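Below, each structure is written out as C-alpha cells.
Note that chain A is present in both complexes that follow, paired respectively with chain B and with chain C.
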Partner chain A sequence: MIKWWKILGALLILYTIVWGLQNSVPRLDILNETIRNVYYHVPIWFAMLFQMGVSVWFAIKQLSKNDLKSDILSDQAAQVGLFFSIPGLLTGCMWAKFTWGTWWTFEDPKLNGVAIAVLIYLAYFILRSSIIDELKRARISAVYNIFAFVMMNVFIMILPRLTDSLHPGNGGNAKFAQYDMDSSLRTVFYPAVIGWVLISLWILDIKHRMALLKHKQNED
Partner chain B sequence: MLAFFISSAQTMNAEPAMADTFRSEGKIFVVIAVLSIIFICIISYLVYLDIKLKKLEKK
Partner chain C sequence: MISVPLTHLIKKEFLIEFRQKSTLAGIFVYIISTVFVSALCFKKIINPTVWNALFWVIFLFITINVSSKSFLQETKGKGLFNYIYYNPRHFIISKIIYNMLLMATLSLLTFFFYSWFVGSMVQNMGMYLLCLLFSSTAFSGVLSLMSAIASKASNNISLMAILSFPVLMPLILVSVKLSKFAIDGLAWSVSFKYLLILVMLNFVVIALATLLFNYLWKD
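Take a look at the complex of A and B:
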C-alpha cells in the first residue's frame, strides 16, 4: 500500500540513528562527538535544497506548458523546503553554540546566505497570496521562483566559497574531499542524505495530494 | 625522573576527548532506542496520513 521508496527512506534514516551514534568517528579537537551532527544537520539542508530544486523544476514546467497542476506542485515543494530550513537552522544554531561558541555569527557567509535565502522564499509566499487570479499567480510566482532559486544558490553555494567560512568545504573550491570526511563518516552520511531526501519527497507527496483534492473541491 | 618522562609522554599523546566509555558501557543503546521509537512514531503517523488520504482520493 505504501510505496517502496517511502519505506526505504524511513529505513535509511533509522539506520543512521542506530549506527550513526555508535560507529567510530574521526577524533577532532573542539568538534569531539559533535562530528556526528554531520549525519543529521547536513542532510536536512540537502533535503531543503532538493525541494527547492523540485520547486523550480515545476515552475519552469508551468511556464512552458501553462498548466495549474505544475504550479500547485511548485508551491508545495517550496513549502516543504522552507519547512526543512527550520530544523536546519535550529540544529545549526545548537551545533554552533557548542563548537564556535555562539548561536549565530554574522561573520560566516553561509549563515548570512541562508538567512537571506529563507527571506527570499518567504517573499515568494507573500507574492503568491497577494494575487487572486489563478493563472496570473501561477505565471508571476513561477518567474519569481526561478529568481529565488538562482539567488539561493548564489548565497548558499557560491558566495561562501569565495570568502572564508567557518563551514568546512567552503572558502576554496567545491571538491567534496574538503569536507574532511573519512570512510566511516561516509557510510552513514550518504544514506542519511538519500533517506532525508526521500522523506522530504514523502511529505511533498502527501501535501501535493492534499492540495490537488482541495483544488478539485474548489472547481466543483 | 622516570615518572617525569611517563607523565610528559602522556601529555604529548593527549587525545581529543571522546565519549569512549559513554559508548562502551554508558547505556548509549538506551538513547538509540528512544530516538528510534520517536522516529518510528513519526513515520507511522506519515503512513497513517498517507492511507487516510488514499481513502479520501477514492471518494
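Take a look at the complex of A and C:
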C-alpha cells in the first residue's frame, strides 16, 4: 500500500528538479548558476542529519526498553543516513570546485566534520559486526551511537561557528538568508528539504521492513 | 549489590597498577622510544605547526595504548565479581579518575622528553600546561568509555583505535588549536574561548560516560 506522504515526497523532488533548474535565481559573483545547488546539496545533508537523529532516538529507546525492534530501526536509519552522505559529499565537492576552486579543502571545519561523521558511522557498523549476540549488540552499539552522535554534533554544529569557515553562516561569513536567500530561492528550497526528508523516510521504511522480515526468518 | 565507597575503588586501581610495575615501566619506555625515534627522524624541527602536530600524534597513540588496557583486564569472572560488589557509577568514575591522573602525568612526561630531545618552542608555558591537563582529562573520559565498549566486543586493540579516533577528533582539534596559541605566545584573552570549550567538552564527555556506562554494565 502506498501512503500519501510517499507520493508527496516523490512529487516534491520532481518539482525541485524541474523547477529548480528553471526558476530565476539571484545573479551573484563567483556563485553564478551554481547557487541552484542549494536545492540539492543542503536538503540532502538535512535528510542525512534527520536520519542520524532517528537512529539516535531509537538507540535511546532501545536502552530504555531493551527491545530488538528499536535496535533494527536504529541500525537501518544509520545506514540510510550514511547512504545520504554520499550524494551530499559529491554535490558538495562539485560546488566547492566551481566556487572555491578545489574539490576538497582541509581548511574548512564543516568538510572535516563530515569526513569524521562518515568515519564515526563506519566505526559503528564495524562495532556492530564484531558482536554476535543480538541483545548484547543492540545495547553496546546503542551506547556508541549516542556518544558518537553527541561528539559529531559538537564537531559539525559548534566548532565551525567558532573557527574560520568557507561555508555561509560560519566564522563571520554572512548567513545565506541575509543576502541571497530571496523568495524565489525559498519557493524551491523549503519543498526540497521536505521532499528529501520524506524520500529518506521512504527508503528507511522499505529497509526496515526488509530487516524485520530477515529477523523473523532467522528466528524461525 | 553491596556498595563499596568510591575512594576504595580508586585505591584499588592504583594498587593493581603498582603491583604490576612492568606495565608502568612499559609505558615509560614506550614514551621515551617514540619521542627518541621522532627526534632521530626529524633531527631539528623549526616549524611550530609541525612541532605541535607531531606532539599530539605521539600523545594520541600513547593514550590509546595506555587506556585500551583499562578494561581489557576485566575478564568474565572478574566482571561478575564487579557486578555484585560495585556500583556502576562508582566503577566508571574510579576508572576515569585513575585514567585522568595517569594521563595527566604521562602528558607531562611526554612533554618533558619531547622538549628535551626535539627542543621546546612554547612561549606561554602556563597556558600550554593547562591545555595539556584539560585535554588529557577529556581524553581519559572518552577513552575509558571506548575501552569499556571494546572490551564488551571482540576485545582487540584495533577495534579500540577504530572506535576512538573519530570520536576524539573534535577534542584533538581544539587542543591543537589551543596549544598552537600557547606556542605562539598569544595573550590569554585570545585563547580563553578555546580553553572554555575544552573544559565544557570535559563535562560533556564525563557526564555521557557515567550515564551510558550503566547500560554496558549488565550482561
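Please note the rule applied: the second predicted complex is superposed on the first by the 211 of 220 C-alpha atoms of A that agree within 3 Å, B and C clash if a C-alpha of one lies under 4 Å from a C-alpha of the other, contacts with A are read in each partner's own complex, and residues count from 1 in each chain.
We take it that a residue touches a chain if its C-beta (ideal position, glycine included) is under 8 Å from a C-beta of that chain, and two chains touch if they have at least 3 such contacts.
This structure is a prediction, so every number in the text was calculated from the model and none was measured.
Looking at A:Lys214, would you say it contacts chain B, chain C, both, or neither? Reply first, second, both or neither.
neither
Considering only touches as defined above, state whether A:Lys97 meets chain B (first), chain C (second), both or neither.
Neither: A:Lys97 stays clear of chain B and chain C.
In the superposed arrangement, does A:Ala10 touch chain B (first), chain C (second), both or neither?
In the superposed model, A:Ala10 contacts chain B only, not chain C.
What is the contact status of A:Val18 with respect to chain B (first) and chain C (second): first, second, both, or neither?
A:Val18: touches chain B, not chain C.
Of the two partner chains, chain B (first) and chain C (second), which one does A:Arg139 touch, if any: first, second, both, or neither?
In the superposition, A:Arg139 touches chain C alone.
Between chain B (first) and chain C (second), which does A:Leu127 come into contact with in this model arrangement: first, second, both, or neither?
Once the two structures are laid over each other on A, A:Leu127 reaches chain C alone.
Scan A:Leu159 for contacts with chain B and chain C and give back first, second, both or neither.
Touch partner of A:Leu159: chain C, not chain B.
After the superposition on A, what does A:Trp202 contact: first (chain B), second (chain C), both or neither?
Only chain B is touched by A:Trp202; chain C is not.
Contacts for A:Glu33 in the overlay, against chain B (first) and chain C (second): which applies, first, second, both or neither?
So A:Glu33 only meets chain B here.
Quick check on the complex: what are the chain C residues that touch chain A?
Within the complex, chain C touches chain A at residues 142, 145, 149, 152-154, 159, 162-163, 165-167, 169-170, 173-174, 177, 193-194, 197, 201, 204, 208-209, 212, 215-216, 218-219.
Where on chain A does chain B make contact in their complex?
These residues of chain A touch chain B: 1-2, 6, 10, 13-14, 17-18, 21-22, 27-33, 199, 202-203, 205-206, 209-210, 213.
Sort out for me which residues of chain B touch chain A in the complex.
Its residues touching chain A are 15-19, 23, 28-29, 31-32, 35-36, 39-40, 43, 46-47, 49-51, 53-54, 56-57.
Within the complex, which stretch of chain A touches chain C?
Interface residues on the chain A side: 63, 109, 112, 116, 119-120, 123, 126-127, 130-131, 136, 139-140, 142-144, 146-148, 150-151, 154-155, 158-159, 162-163.
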